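In the two complexes below, chain A is the common chain; its partner is chain B in one and chain C in the other.
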Partner chain A sequence: MYRQKYIFLLPGLLVLVAIILFPLLFTIRVSFSSWDVYNPGLNWIGGENYARLWEDARYWEALTRLSVLTVGTVLLQYTLGFALALLVWRDIIARRFFRVLFLVPMMTTPVVMSVIWRTIFHESLGPLNPILDAIGIGAQPWLSQAGHAFAAVMIVEVWQWTPFMFLLLLAGLLSLPNEPFLAARIDGAGPIRTFLSVTFPMMGAISVGAILIRLIEASKLMETVYVLTSGGPGTSTETTSYYIYIRGMRDFQIGYSASLSLTYLIVMSVALTLIAKALIRLMVKDRT
Partner chain B sequence: MLELSNLTLAEGRVAHLDDVTVSFRKGRLTTLLGRTGAGKTTLMRAIAGLAEPDRGRIALDGKDWSRLAPWQRPVAMVTQQFINYPHLSVLDNVAFPLVRRKVPQDKAHEAARDMLGRVGLGTMIDRRPSQLSGGQQQRVAIARALVKKAPVVLLDEPFVNLDYKLREGLREELVDLLKAERETIVIYASTDPREALQMGDDVILMAEGRAIQSGEPQNVYARPGTTRAAEVVSDPPINLIGMEVSGGQLRLDRLADLPAHALGRDLPAGRYTLGLRAHSIRQGGDLSARVSLTEVSGSETVTHLQAAGQALVMLERTVTNHALGTTITLSLDLGEALVFGAQGRLIEKEPVHG
Partner chain C sequence: MTTKTTLRGALLATSALMISAGLAAAQDYSKYGIKEDVPGACSFASIDAKDYSGRTLNIITHAIPVIGEPTALHAQQFQELTGATVNVVHVPFGDLFQRIMIPFQTGQQAYDVLFFASLWLGDFNPYLAEVPQAYQEVSGMQSVTPTYKGVATWNGKMLNYTMDGDRHYLKYRSDVFSNPEMQALFKEKTGRDLTVPATWEEYNEVAAVFNNMDWDGDGAPNFGTAEVTKRDDLMFSAFISRVAAYAKHPDVKGGFFFDLATMEPLVNTPGWVKGLEMFVAAQASMPPGGTSFGLGDEIFSFGGGQALMSYSWDDAFIQAMQEDSPIRNKVAAAPLPGATEVWNRTTGQWDKFDTPNTAPYVTWGWSSAVASASENQDMAFDYLCFFGNEANTLADLQIGRFGVNPYREAHFDPAFYETELGWDVNTATTYTDTLKAIDGGQNQVFDLRVPGVGEFMSSLAAGVARAQSGEATAQEALDGVAAEWKAIVDRIGVDRVREAYANVVALEDK
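Showing the complex of A and B:
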């Protein structure tokens, strides 16, 4: 009788095998081949691809750059998102209007948003440089100098995804019980002490959740770079996903890009697990 | 002394506080007694700065509090709900007000540990509030309020959400704890007249946002100034019966004519309201009444009756289960009866027997 349950599990298992298990196992196999545009096929070359990537400085640079971008943008998104959520949490004038307004960037297609930002950052035709010029800062080489281009990618990412953080954190704030805040007022805690001792600790679990979701999403950063800078100038804004895309889809080094992908998957899984554990230890007080 | 003058607070047309002028003395426990919605909680919230009065002044030893934010007021408060910090341990909960005042953490913890010992939670300091029972959670809140050594302690029906036995026990413990605080003004809100009479050094009766009478509990109980005050301070409810006096004779509306009763001798002819406490109605006598409800509480029985269209409440110091709908006979003992004039004001008189 209990065998019948497997029949019901079958559709789900099939989907799982088709879209996760098979591609993963196939990618592992491909990563041990030299499959490329000249020699398509699953020959066996052992760990040659992995030895090559170990020596591939461009890959490790992209990974380091991605880590900086991911951690930097997510921290900024968290800080700004929290500040905005706190701003419209309690009764303020036009609270509903602001809540919707802050969500607008998230509702726009990422690629379209990146195209708009590319226009804004355009050094001679975009509107940003004339404004900077007018206020005395002067025109900036937004997309033609490494540091500026890196900052441009960060700005767009923060602009695009702060609303998501804002939404999760506002939902968290709205779900907090009112009593501890009443207690804090009676116990003589001012607004700053209340935030540090009550609001922030009570938001620990939701903060960790929001940060992790964004870290996972941000670690796949690709479309902003693709549209805004194409990884340039040089390789100064190239992220891991974008580099794997170049190797796999432009150079058609399928075997090599499979080994890059798998290494990236393992590094990210380990890193995110460690970060998650550290964040939970740091921010979630009530783990009982 | 904490003085409130002309405190008024309204929301729309509803007056939560209506020109309240009262004072609270140091080293005394003052009970605010009133029914739900009488304005007790609003008054406490105004003192704590959690509600902003439209008008009036709050001053401690002459120092005006009106412009002080809640966190600047030297007040501790325990509310009906068990309000604690869910993310902090019991010890950190109690130490919180001290840490806020920048007391070094070891000293704050020492004081918190001492206070938790006094409220009987010395072995539970590492637990979270959610791991405690309701009574224990409220003890944490009480410990947190007392550890501050605030000159004003507000207790807003702190035991109302606890079961009867626990309430009795905690009330006694709290009174013992507060006795040690000789310079503290303690304000205790209650809807229960018995609690107010047992606990308070002073009592303030509240109704419809107004402070209608204040004084020592026994005096207020014995001589409520108005029918409204008599209603607030009496449990079980006082029987208020319309009465006509003419030539020394009392005629109780719809109930009985009492010829040449001592109570009527000193009263000029006219309309009055007779206030008869539930224990002054006894079973057995000339008056017949139908039982509409019987409540047995501990070793007492409160019986609600209907006598010729007049609702009456009788208290018996025994457990008696009168069957619903049955008719019993009653007598009225007017020895402790209160007489209120046409405006509902108490007419002072010497105790009479007859």
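Showing the complex of A and C:
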């Protein structure tokens, strides 16, 4: 009787194995093969791909670049998302309209929006440079100089995903109990003091959740780079995902790209776990 | 399969094609967008006489419009004429290689007909069916120029079904070059007459003089040159165009990308380095953002009237010659510029040429093929022969976005462009003269059609991009590429790459 309950778990477990474990195990196996355009199939080459990866400077540069890009964009998204959520949290005119408006970028397809942004940033035909010229800032080499291209990728990412932060943080704000705010008001706390001592601490848990979700998503950054810059100028905007795409899909080095992907998965898992622990320690006071 | 059965099959196929051609009744097929049907084994009438009811043809092709649109159009027509069910899968370029290769490698019979870049033949050739002799003898195939028949051939077998012809050439604004004011300005600034650039040095000089000035009088600044410079957007082809004249010595045989004898990469030899230096130097004469132009940007920039000169495939030229184009009939074509100094890798010296050395670059081109595992090879080849029949091709050539470009002797007749497309004499003549010069030219360069070409070109583009962005000097960047190429060759196997590369060298050294 006791053992029979496992029979009921079996379908779920099989689905789990099929959906999650099999692709992962298969990728691990592929990463130990030289499967490419001229050696199809799963031969065994031991750790050659991992040894090659260790010396692949372009991969590690892409990983470093991705880290900067991810942390930078997520911090900006968090700050802006929190500010927007605070703006429409209380009763303001057309609150519902603004709530929907702020969500629009998130609902658009990243590839499509990247194409539109590429047109906006186009240095001779796009509308951005004439506007910058008109207000005295001057035209900028958005996609043809390394620093600017990096900034352009960040701008698109922040524009697209700030609404996600906004959505989660607004939901968090709306779920906060009213009593602490009443107590703060009775104690004479002003808006800044209330934010620092009441709102922000109480939003700690949901902030950590939102930041982590975005860090996980942002660390897979690919479409924006693909459409906007193709990793250039030079390799200045090449992220890990884009590099893996080039090696796997363009160069058809299936075995090697599997080892790149797995290493990337391990590095990101470790990094995100450490970041999560640090964030919880910093932002969540009541850690039980 | 024995020789006897092969011959019998070829005879049967030939007979079938001849009978169907003979049975075809004179009928009006102009509703399909053609001017008139051209009799022959692949004509509308001949295909109409076939019955493929109950059978299904699966095709994989590029996204609409380039090649994808004519594929779908002719698939629809083929379906209506034969009763077959034709499924067309459109795939973005970035995914096309792997969407074809994975079913090949895993033994799936996913597609009967494949449209792909002709330079992938080095990778795909083990999986493709040879074009049957009967189809090689149809009139449409007989009139394909030897250059493009060569591109379709691998180890003596025709594996690609030719339906497009591509090459790089120079495009320029003929109205500016013939304008006395501009000629005087150029003379004043350089001390020489304004001529169509015969060398890359002249190209860069002309581009610099006419950069960032309003030479067309529309109130907006114009620029010297528009080139494909974006790393993963076919920039490697533009770079090879820049390099060929310096590195392809007419008297040195045995390889342009590699020394065929040793399989040592030649990409970091002085000719290549010089080409890269000139490519980087030209960045100063490009429009804003020109250092990250993809092919689409280059087409729009030259075709839209922004840039004085450009070089790449036909697209920008055709864009400029669209009926609604502001620069229609104000453009002309010429072969790629050459070089008066050419690196001789045999002597290890620069050789001087009084007449600039030129090296026509026959690059890319869409191609098509039938999978050897296909169970519908008869229908698949019929579809391709219908796609490329004379009537369809003449119609397709007139629609720029289709991406079908001249590849038959008849396509090099200026009268066609004058009468059918309304081009003026100068434009049509320079265009067809240029195409003819490339097609019949000496010292041609072809794409590196070897296993792993994507990897070689990806490495090359990344190195060139490093030099373009200032991350490395031209020599450092190409030294890096050469090191990567050596590693790639070692991984694939020297003999395997050499065997494949010998096909390319055979085309170049013919």
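Keep this in mind: the second predicted complex is superposed on the first by the 284 of 288 C-alpha atoms of A that agree within 3 Å, B and C clash if a C-alpha of one lies under 4 Å from a C-alpha of the other, contacts with A are read in each partner's own complex, and residues count from 1 in each chain.
Just so it is clear, a contact is a pair of C-beta atoms (placed from the backbone, for glycine too) under 8 Å apart; a residue touches a chain by one contact, two chains touch by 3 or more.
Since the structure is predicted, the reported quantities are computational estimates derived from the model, not experimental observations.
For the composite obtained by superposing both complexes on chain A, the positions of chain B and chain C are free of clash and fit together.
Once chain A of one complex is fitted onto chain A of the other, the partner contacts of A:E123 are limited to chain C, with no touch recorded for chain B.
Shared-chain residue A:A258: touches no atom of chain B or chain C.
Contacts of A:V30 after superposition on the shared chain: neither chain B nor chain C is touched.
In the superposed model, the vertex angle chain B-chain A-chain C (Cα centres) comes to 150 degrees (nearest 10). Applying the stated contact rule after C-alpha superposition, one finds that A:L215 touches neither chain B nor chain C.
Within the superposed three-chain model, A:L168 lies out of touch with both chain B and chain C [touch as defined at top].
Counting the residues of chain A that each partner touches, chain B and chain C differ, and the larger count belongs to C.
In the superposed model, A:G204 lies in contact with chain B only, and not with chain C. Look at A:L63: by the touch rule set out above, it reaches neither chain B nor chain C. Legend: residue contacts after superposition of the two complexes on their common chain; A:A85 is shown touching neither chain B nor chain C.
Aligning both complexes on chain A leaves chain B and chain C separated at their closest CA atoms by 52 Å.
Put simply, chain C touches chain A in their complex at residues 94-95, 97-98, 101, 105-106, 123, 230-233, 287-292, 294, 297, 300-301, 306, 451-452, 454-455, 458, 462, 465-466, 468-471, 491-493, 496.
In the complex of the two chains, the chain B residues touching chain A come out as 48-50, 69-73, 75-77, 79, 81, 83-88, 96-97, 99-101, 128, 131, 141, 144-145, 148.
Those residues of chain A that touch chain C in the shared complex are 34, 36-38, 40-41, 58, 122-125, 129, 139, 141-144, 146, 149, 226, 229-236, 246, 248-253. Considering their complex, residues 177, 179-180, 182-190, 193, 197-198, 201-202, 204, 285-286, 288 of chain A touch chain B.
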